[in-house]
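Given below, in the form of structure tokens, are the structures.
Next come two complexes built around chain A: one with chain B, the other with chain C.
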Partner chain A sequence: MANQAQSPATTRDLVVRVRDLHVYFFTDLGVSRALNGVSLDIPAGKVTGVVGESGCGKSVTALSIMRLVPHPGRITKGEILLYREREKQNGHSIVEEVNLTDLDPQGPVIRSIRGAELAMIFQEPMTSLNPSYTIGDQIMEAILLHQKCTRKEAEERAVDILARAGMPNPKTVVRRYPHELSGGMRQRAMIAMALSCTPSVLFADEPTTALDVTTEAQILDLMRELQAAMGMAIVFITHNLGVVAQMCDTVAVMYLGRIVEQAPVEPLFYEPQHPYTRALLRSIPHVGSRTKARLEPIRGVVPDPYATIQGCPFHPRCDYRKPGVCDVRVPATVEVGESHTVRCFLYTEQGEDNG
Partner chain B sequence: MARYILRRSGYMFVTMIFVAVIGFLIIELPPGSYLEFEIARLRQLGGDMAPEQIRALEIRYGVHDPIYLKFWKWFSGFVRGDFGRSFEHRLPVSELLWQRLGFTVLISVLTMIFSWVVSIIVGVYSATHRYTIPDYAITVLQFIGLSVPNFLLALVLMVFAQQVLGMEVGGLFSGAYRNAPWSLAKFIDLLKHLWIPILVIGASGTAWLSRVMRGNLLDVLNMQYVQTARAKGLPERTVVWKHAVRNALHPLVMVLGMSLPGIISGETVVAIVLNMPTTGPLYFRALLQQDMYLAVTFLMFLAVLLLIGNLFADILLAWLDPRIRFE
Partner chain C sequence: MDKADLMQQELLLDVKGLKKYFPVQSGLLRRTVGTVRAVDGVDLFVRKGETLGLVGESGCGKTTAGRTILRLLQPTAGEIRFNDPKLGWVNLEQMSRQELAAVRPNMQIIFQDPFSSLNPRMTVERIIAEPLVINKVAKGQELKDRVADLLRVVGMRPEYMSRYPHAFSGGQRQRIGIARALALNPKLIICDEPVSALDVSIQAQVLNLLEDLQAQFDLTYIFIAHDLSVVEHISDRVAVMYVGQIVELASTDELYYTPKHPYTEALMAAVPKPDPRRRDRPIKLPGEVASPVNPPSGCYFHPRCRYAREVCSKEAPAFREITPLHYARCHFADELKLRGVVG
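What follows is the complex of A and B.
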């Protein structure tokens, strides 16, 4: 793991560093532990995939970094650091470290970061845009908020960014309402809106799940293209491993509010270390496998988030579990290869007690 | 848009004819009317003038004509602005009506504005502060507002105004101004009296509308586009008022169309209790006394207000929501 820069750096390798993040939801039914110590580095200008089953905390991780965790959720422990490039008066830029966990989630500092440094697109393009305002209005709103310009300039920028997002007839689309566009077009409009202020990180929370495969392929191409052109980091949240293989530079695998394995995309697919990752990879169909062969699902179901599991959260479903070890303590994160970390007692003796 | 309004006006005219026919028939159905009473009275009086007068009345209102002729005599007059006579009050209906309609419309419009402003503000506050102590307090007040009959509220407020504020209650003016010509002092006096009827008539509607507003806004606040707005970095105030409230207003606007005549007929009991110079008590009495031309004219005006209210609500809704088409 990279050491934290002590002196003001001029460039940044990381844009966001998440350390031991705990997010709990205090509901009437009890405390739901959504995140139990997530540590994640988001490298600048790379695509990081976050995969896992539904309810494992992928979206909550992104929302926590945006400081948009909905009520009654709260960050109870851990820190989120943002490395923000700031232009100095002499023309040099320095990297400023902002601890997002210290900020008031509705305060002016985080609002100047949201939309400008950190942007997000969501799963449902049909409902992500406000039905009462035109596409242009909604994109211009973000531009006018974060950049000094007139309405006319903002509209020009909106047209421009829509064109870059592959929107046909961007000049007429700015005057259109969301219901006049198809799902794919709306997702392009969302992407344009998110990228309108050239953010350093774009969180894409299952951006193609609600789209048909052809549109999905187009949107994925577009995102890769824009990422290469604009150089922002993308955090790609998905449960589709095929999309991960196609899109990502590094991958983090989540299970029950923890990252259990993180690696560059190739080692993750070819040498998965964590039993959960292996099981996940075995559960997807392969081209060329015997036609009669059954898919191999992962045994059991994701436990209810209100329950606390003693030991490694995956041990009840794990084929390699070691009684007396896995059901007692939580394994520590260890490095098993270059930038390849895993949290499993198969690779370490070290662990920590459940908090 | 203009074509839409024109077409709707056409429908409104047709609806009005139906209302006229049905309203007239129903009022005509029970035996006896104030007109017959009036004729009997004239006959009893005797004298030289009486038979002439009776004949004139019989011809004018078609007492012996079949019902469709009777209807036509009334309706053709109505369209020309001759609403007939009130036999009880011995005045043309139009005179009675215009005298009182002004105050009724004034009170209705003010009540509507009052309940809209209050219910939007209260609804937004309690939705954004859900499950806090102020929200619970508002909820209790809302249920009280909904369940207390408004004549009772009128009585309570009258006692309060008299005992605590030392006001002269009842009516819309103090005794000194009741028959005085209009002046600034009279206007101020009117304002001093207006708040009681507005509060009383608006209470249950406000309680209900703010409840509806709260529920809607809670739904809208869970929508993805509200999260999108937050993710842009907008201040929470803008997120709520610009992105959420606008999309939560639909049911309120739809209710608007219905509430216009509701306020006018709903104020009747309150107007009687508060002794106000509005149309409600007059309409009520006209129905009891079978003073049919007065009653049917009121009915027509209520129907017109309902239709206009609906049209207005539809236009407002179309302005509010771009997805609505004029088809």
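What follows is the complex of A and C.
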């Protein structure tokens, strides 16, 4: 295994560190710059939210870390480090650093990590479950691949994890096919599958967007419970600010392939700094606010992904833009509070050229 | 229009006992083996100039109710009375196709998905002109001018009229759909999830546009949605549906802050609030939404209701007025102290 430096640490605060990640899609229509320098730390055992509108690169960020960027996308720059806890024979564990960007996306190392260390659940469980295999077979596949056990033991574990995911009658459900379950139950099955190998990071890509509000509440509650019990980190990708407020410890706000603001959840909602975050919070109706005040929409539209915007990507829609500054250079990321970073020329004069 | 004025307004639509059943067919001979009670006895009225929100989870029958009210679907039973500006009160459920053609210009619909509700082979001009041509309202240059006006009204540039729908973003397409619905100066527009396919920053633009148009053209909306924060924002009154029935109907404030039906209470508790300091646990609703093919006995909600008593599984509660203009379908609506959205 090349590119693995053993660090002396025995515990880890971070499970994943992403630095200056660029992912471009080379299509017939041109180059779509899906990620334009994303830096993100995923702390162990915490829920990190990634919010933004469609096309901002939330899903691509998760897929890049999993090394699952689909063709014709490529990581063109940056690095992704995974801090992996390994148990030593004397009972002590050590933390090793694996540079995921150096791995062959189809090679044995990433395959031993994917599903075991890094797991993912998706928005539409019906399209991510295989319709021709039973729920049990699909959960057991991952268990048999990553853990040394017999089929019988694997099935017992599948039943056990389904029960933990709140599935009624897990012993019958393992023999059921996905179409026999309701949307909420399918999402429970997906969560069970993802957690079957006790991963250290669970990427949840809009896991409740397709669900009704009462089912959504059940699934969010379940994820909170399982997170507390199993202690994995969750990266919660969503466009729903309500879900973010309810679930996350820290939040990263993305706009056009960049993280524009990152902060613990309370400051993000109570003292948002980036004009985009502020505008986003003002544009949504707040349930229970008792006001019939007009909403304040963000003007313009999310730009076309093939367009290259000179300067800060948000400047064409921004109320605070400074001519000659914001439309020329991209602002650097600066710290504005404890663990609170923002990328905007209101807070820094430093920037870099793009083009 | 403020609320007191609205209460004085005359009715535009009065629906009583509306039912829409679909047969479930199976086997080689397509024998009918059951019935989906998609809409199972809906009573509601809509005043001129108001917005009535219709909320509920997927499969509760809110879209079917909307389409049956417009007679896009033939009702199984019930009465749909519409106050036509020219014809006066008419019973839509009894009208023939020809008779309906005279009323239809006053009742329009905006659809959820702006990608599938616009014909990709037609230019924006033809899409918006179609209702004007069918109803022989205008032709030639007059038609073109009217389309240009409509585009301006929804905040788009008339120069775009020769383009095809694919050239526009989701929010712009929704504006085109709104322009088409406005073409014939309707009285009633049923908005079926008009913003749920749009990005959050675009939702606000379309919601504001709908509010402006309502004031400008004296429109009445039935606003069907599952997003409770959007419905609270836009509606004067709200109806909550569960398994084909309206379980509660009241002014928006009363319904959100002092609900009278346990299902409404559970819905309000389930909304994820965009405030990290208010992390309340949802009320656990056991089980799943009942099947409209085989609904439970008595109150349809009783198997999931935490306040259910013996009578609930035996007798179906009536939809009745609990306090003035606050209706609920629950045996214990008078005595239950339920939590609203902030509580």
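One rule holds in what follows: the second predicted complex is superposed on the first by the 341 of 355 C-alpha atoms of A that agree within 3 Å, B and C clash if a C-alpha of one lies under 4 Å from a C-alpha of the other, contacts with A are read in each partner's own complex, and residues count from 1 in each chain.
Rule of thumb we're sticking to: a contact is a pair of C-beta atoms (placed from the backbone, for glycine too) under 8 Å apart; a residue touches a chain by one contact, two chains touch by 3 or more.
Remember, predicted model here, so these are calculated numbers, not experimental data.
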- Query: Looking at the combined model built on chain A, do chain B and chain C fit side by side or clash?
  - Reply: fit
- Query: When the two structures are laid over each other on chain A, which of chain B and chain C touches more residues of chain A?
  - Reply: C
- Task: Kindly classify A:132 by the partners it touches after superposition: chain B alone (first), chain C alone (second), both, or neither?
- Result: first
- Query: Touch check for A:172: first (chain B), second (chain C), both, or neither?
  - Reply: neither
- Task: Name the contact category of A:213: first (chain B only), second (chain C only), both, or neither.
- Result: second
- Task: Pick one for A:301: touches chain B only (first), chain C only (second), both, or neither.
- Result: second
- Return first, second, both or neither, reflecting whether A:286 touches chain B, chain C, both chains, or no partner chain. second
- Could you say whether A:310 touches chain B, chain C, both of them, or neither, answering first, second, both or neither? neither
- So, A:99: does it touch chain B (first), chain C (second), both, or neither? neither
- Item | Nearest-approach distance, in Å, of chain C Cα atoms to those of chain B in the combined model | 6
- Note on the structure: chain A residues contacting chain B in one complex and chain C in the other none
- Using the touch rule from the top, collect the residues of chain C that touch chain A in their complex. 57-58, 169, 171-172, 199-205, 207-208, 211, 226, 228-230, 232-233, 253, 256-257, 266-267, 269-279, 281-282, 284-285, 288-289, 340-342
- Residue ranges of chain A in contact with chain C within the complex: 53-54, 182, 184, 212-218, 220-221, 239-246, 248, 265-266, 268-269, 279-281, 283-288, 290, 292, 294-298, 301-302
- Item | Residues on chain B engaged by chain A in the complex (per definition of touch) | 223-225, 227-236, 243, 246-247, 320-323
- Sites on chain A touched by chain B in the complex: 66, 68, 106, 110-116, 119-120, 122, 124, 127-132, 134, 138, 141-142, 145-146, 177, 179, 190, 193-194
